[in-house]
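All chains are identified by letter, namely A, B, C and D, in their written order; residue positions are counted from 1 within each chain.
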Amino acid sequence: MARTIEYHFQVRWGETDAAGIVFYPSFYAWMDEASHHYFAEIGYPTTKLLSEDKVSIPLCEAKCVFKTPLVFSDQVTIRTTISEIRKKVFVINHTFLRDGETVAEGYEIRAWADFNTPRVRAVPIPDELRQAIESIETTA
Amino acid sequence: MARTIEYHFQVRWGETDAAGIVFYPSFYAWMDEASHHYFAEIGYPTTKLLSEDKVSIPLCEAKCVFKTPLVFSDQVTIRTTISEIRKKVFVINHTFLRDGETVAEGYEIRAWADFNTPRVRAVPIPDELRQAIESIETTA
Amino acid sequence: MARTIEYHFQVRWGETDAAGIVFYPSFYAWMDEASHHYFAEIGYPTTKLLSEDKVSIPLCEAKCVFKTPLVFSDQVTIRTTISEIRKKVFVINHTFLRDGETVAEGYEIRAWADFNTPRVRAVPIPDELRQAIESIETTA
Amino acid sequence: MARTIEYHFQVRWGETDAAGIVFYPSFYAWMDEASHHYFAEIGYPTTKLLSEDKVSIPLCEAKCVFKTPLVFSDQVTIRTTISEIRKKVFVINHTFLRDGETVAEGYEIRAWADFNTPRVRAVPIPDELRQAIESIETTA
């Protein structure tokens, strides 16, 4: 069933900087929250993954393009989609909306990674997870 | 005179996450610190710019590629260079090094922006600043 | 009319530390959010205070006592009350609840402060604000 | 041998808020850094404690009193002392200095805690650690 996964938040006081606009690393913290939210929504809560399976979704790269500054108390929605699933890696897209207007757009590339060994390493994405994502994304 | 501008820091306890490695938005906070450090080093401290001239250097976009996870108490150096100066915009490159090994690489595109008006807007980069940067970068 | 002002949030991934529990300074960030929420709820949004009147509510002191560690994705409620209004200063109490259980308790002492001058200084709390708070608190 | 343990830092851009002064929870993050620094200085680095012994020093309570606001790029020193060692708990005092002037003072009460079991619990402080602290503090 097609479904858009959205994460909602309000800009907090401490997230703005001395220039009065949002301190930009907060956008990445919000993408991170949106990704954890996405995995929980499709039945793969990341806390459970880490505590039970010692699996997590660390970052390979992340980029964000900023169009309009955000300020304290803005209500923001992030629309998250996974556009690509490679063997061990996901491409996760995030669109930031305020009052229906796109204020920023970014993506994260995350690995499916085994934290059992001292050295974290990417492992193949399980088929069930792949299917859970595809069933959300393909009919959107 | 050629000169490499470096910013040094140690990973703090609160910068790691539940998986025991650095929470990735911290890399952007560190790029931000390195950029403020760069401008201070070439004679343009950003606090003074903001308080006296109401000018600041907000972000247009930022990307980082992560090679090796960092953990609490790692000693890290960021090597910062400005590779391009457009009319109103800078491209700032950051290389993260731990024990001489590159652990991450990123860039920021920042505008030279006027904060006098309610709506922040990019304005042309002054010639003196352009020359101050070029004198650092061209002979490196 | 008696009314309890509550602020709700969920613990974010980046708010936990290498030991897997919440990085404790986050509790103060949450008290800060709860105080800004309180002032907005009683008709004094702090952004408007700062932008229009150059007034803000900086901290004199803050303390928190931690009873039970919080972990990623916990749903938490902060119940906020102002127990004392001195001439220029408020005492704001915060109780953190998870599933009805108190997990932490803290307070903030904040000044009513003028940010017009370079040097921030506490000024008398206006009578209308005092009454707005008392009308919430006295009948609780 | 008497020795004062000090932690030095510079206020970062992202640590200030929309009012242009330091976002107050940062003071607790700095006390946390100073405490980790203290334990490393006396031969008990907290990363090693956690990874090898599954022991950490979680918070029971923390308080800070703010005298003077800090702003971006201020150079600050924290002077840390342990004033009391109970059976399972330490009282750690922190004095924040800028140009020799005390700008804030706080304390943390931390437990010596076993993280081996799912439920974190305080355990008796080992005698060697107690002596390591006393040898620093008593002759100061």
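The definition used in the following text is that a residue touches a chain if its C-beta (ideal position, glycine included) is under 8 Å from a C-beta of that chain, and two chains touch if they have at least 3 such contacts.
Everything numeric in this text was worked out from a predicted model, so none of it was measured.
Greatest Cα centroid separation from chain B: this falls to C.
Chain pairs B-D and A-D differ in how many C-beta pairs are in contact, and the one with more is B-D. Centroid to centroid, with C-alpha atoms defining each point, chain A and chain D lie 33 Å apart. Rounded to a whole number, the gap between the C-alpha centres of chain B and chain D is 29 angstrom. Touching two or more other chains at once are residues 13-14, 18, 20, 23, 25, 29, 32, 47, 71-72 of chain A. Only residues 18-21, 23-26, 28-29, 32, 47, 50, 56, 58-66, 69, 115, 120 of chain D touch chain C when the two sit together in their complex. Listed in rising order, the residues of chain B touching chain D in the complex are 12-14, 29, 32-33, 36, 40, 45-47, 71-73. Interface of chain D with chain A (complex): residues 13-14, 16-18, 20, 23, 25, 71-72.
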